[in-house]
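The two complexes that follow have subunit A in common; it is paired with subunit B in the first and with subunit C in the second.
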Partner chain A sequence: MQKDLYIFSSGTIKRKENTIYFEPKEGEKKYFPIENISAIHLFGEVDINTKALNFFAQNNIIIHVYNYYGYYSGSYIPREKNVSGELLVKQVEHYLNKEERMYLAYSFVEGALFHMQRNLREYENTEEFIFKIKQELEKAGTCNDINELMGCEGRARDAYYDAFNVILKGKFLFEKREKRPPKNPINALISFGNSLTYSAVLSEIYKTQLNPTISYLHEPRERRFSLSLDISEIFKPLITDTIIFKLINNNMLKDEDFDQDVNYCYLSESGRKKFIKEFETKMDTTIKHRKLGRNVSYRFLIRLECYKLIKHLLKDEIYKPLKAWW
Partner chain B sequence: MELSQELRITGVKINYLYVCERKLWLFDRGVCMEHTSDKVLLGKLIDEFSYPKEEKRRILIDDLICIDILDEEEIREIKYSDSLEEPNRMQILYYLYYLKKLGIYKKGILNYPKQRKREIVELTPEKEREVEDAIKRVEEVIKRETPPPVEKKKYCRKCAYFEFCFVSE
Partner chain C sequence: MFVIITYDINEERVNKVRKILKRYFVWVQNSVFEGEISIGKLEKCKKELQLVIVPEEDSIYFYIIENKNNYAKSILGLEKNMDSYIY
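What follows is the complex of A and B.
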């Protein structure tokens, strides 16, 4: 089975015949057969030459790069082989047509808010937050433009994060969501988890004919792969947040899992490793798909979301966001 | 000899017409699933390793038809599975028809190495009309604005498009 490869240490990646090896600054070389790799995540300071890059391109392997703090900073994406001119035209058409765009943007918000409520329902004393999210979802359905919609989404998210202090046990307290730089452990976890979710979504988009730069909820000019941001909305509560609840409520995190100061808080290498372990477990978890009658992994659910979007764009079947039923 | 415009289609499309019109439409629009399917990969491998000695392999004519093996008297197509015989037969008939238009007359052979089976296919006047009819039908399917709806077939579950076709919500 193909797996994502995470490299934390510093060193060099090289190609040798049909394998790739990583040579750390200190320690032994490690070999990885190319056919077992689906994507590579680089956290350490890694040197890589064009011979290796060409080899990755040939095998359609995407490389995600994270900065010193563990945040997504960019990807090396091999030249697209799966292109469909027709689909690209349709993607753009749906962006330019205001109604079409609003429909898709709303759908992503709907999926996100559905999963936020679903998470909160697992815990006691969250009714007031669920109620607020529900209200925002109703308002979202009547919005006339993207800004209004973004406003509803933002307020729903604030209510959702407010509920974190009810859900989370132990010594971690969550004040307010801060992105750059995160100031407390929960923010650090959210940012890190969302980075991983974003790159996983991008990896799946890349396996389809969708163009990752054309999006509906987020502005295409906002960031390069904004379609990945759109689809991530649906999966962030489902993946990132449930991992955070587990890590914290089961006391799996220690002080040394964070690098902290009064002005910032980031996951340390040990913290990232713990998170990634849970992340990979989650992505490999399967559920029986009620329409397909087959077991599908969380990772594949992301691909299915892409398929549904393609079907919508081709006017085959109207897009409805995933609403976890299990 | 100038070939008419209606012949500007690939053999794969003739094949897909008989497998599933929806698959044909999606494939024509560049929405392909083949690269994600293990079965397709297996087919390619069998194809590569089955007849290592033949020399004239993978002949591409006019960028349209790709013939696995071209011999003095015959052309050969190698197929992984004989479960879809009709599409395979029509694909090779289309090649024979195409070659005939170019003034080349051959017989066709379908090889199923895994099943150790071969079938000889010849272009009769009747078959020729069938091919012409198929070409028209391919054009009609491709012209559609939207993909033909899903029609459940017994081999859908094995199709590379299965998840694509059957996912909803």
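What follows is the complex of A and C.
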């Protein structure tokens, strides 16, 4: 129900009359209902003062900041109220225990590969790619260490991206996955979409007691919230990729939606807005949950994934990755 | 659920009411707000409003649409385009 606010224009964000007030450099000033916003994403050049930051902290609003190219660069997170020493100890314990870690890492890969196959099944002539992914999934089951597992995941992903040329209609071609910087429109879309998924997962992790820096599939290192990377794996094919297929196969993107030069390609502001619109619609889409017996949104599914992980860590219920059943 | 709110409030209190509503909904016209909200938040909002209004003089109408697919909005003249969260 709560929405995310995306700000592309440059201007100032203020606290005014106990709600969010945005004063753009040009254009109309605007109020946003604080009670209905759960996170703010800043893409433009925005000024903000401590009064506003305090106010956001009070209301539990996370602020995600993206750089000029639309990449996630950091967050302002209100003082964490959901802290749990016990869970942190368990999280670390599962990381240090090789078997436990392998189990969780494998689960994330399993979820990711399952959703990749599910995406491909929707389209014709993708059997060979599905077969390849299936093979890698089997291999992943027999891996002994994380590097091998990452290798399987990588090869499966290569096969998956190869299938993009079969799936995608129109003039957009996908040669190979290139990051930093993305070199063609599809890479730009994948990068931007993953960036959004990543911060959405992070927002949800912060609503639980999990510590976002301790992860299982990705190596937990400095300067990044790697648990968010782990959980994103499951949701990337489910959210980012389906949006990309929709945008391209329905011819919703034009040349001016990309900022292109010789060695890079980024989404332009109009392109980002289109993507975000689809992203928000997707996140608000609801599915009847089999176990809960009620409708839950994609956004809430991410949170449920965190809860499942907590249950696993506390030895309450064994973790099984989400497998879309609809 | 989706809610449309219209109000008639004595001038002395109208600003207080607007300030409260502004925190929950999007201001679309002079005395009209609209927006999606959860049942709990709506109750919270009503409680806050009750503390401000004088029941003998003021009135606030809530039009509630359970399923937002069941309503359509069309606009004549100026569209203020206030309901977007992408800015």
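Observations on the model:
As a working rule, the second predicted complex is superposed on the first by the 322 of 326 C-alpha atoms of A that agree within 3 Å, B and C clash if a C-alpha of one lies under 4 Å from a C-alpha of the other, contacts with A are read in each partner's own complex, and residues count from 1 in each chain.
Convention: a residue touches a chain if its C-beta (ideal position, glycine included) is under 8 Å from a C-beta of that chain, and two chains touch if they have at least 3 such contacts.
The structure presented is a predicted model; accordingly, all values stated were derived computationally and were not measured.
In the superposed model, A:87 makes contact with subunit B only, not with subunit C. Looking at the shared chain after the overlay, A:30 reaches subunit C, while subunit B stays out of its contact range. Contacts of A:5 after superposition on the shared chain: subunit C is touched, whereas subunit B is not. Touch criterion not met for A:79: it reaches neither subunit B nor subunit C. When the two complexes are overlaid on their common chain A, residue A:277 makes contact with subunit C while staying clear of subunit B. Judged by the touch definition given at the top, the superposed model places A:22 against subunit C, while subunit B stays out of reach. Residues 1, 3-9, 17-19, 22, 24, 30-37, 273, 276-277, 280 of subunit A touch subunit C in their complex. Those residues of subunit C lying in contact with subunit A across their complex are 19, 22-27, 35-38, 41, 44-45, 82, 85-87.
By the touch criterion given at the top, residues 29-32, 35-36, 145-147, 149, 162-164, 166-169 of subunit B touch subunit A in their complex. Residues 60, 81-87, 207, 209, 289, 291-292, 294, 296, 300, 303-304, 307-308, 310-311, 314-317, 320, 322-323 of subunit A are the ones that touch subunit B when the two sit in their complex.
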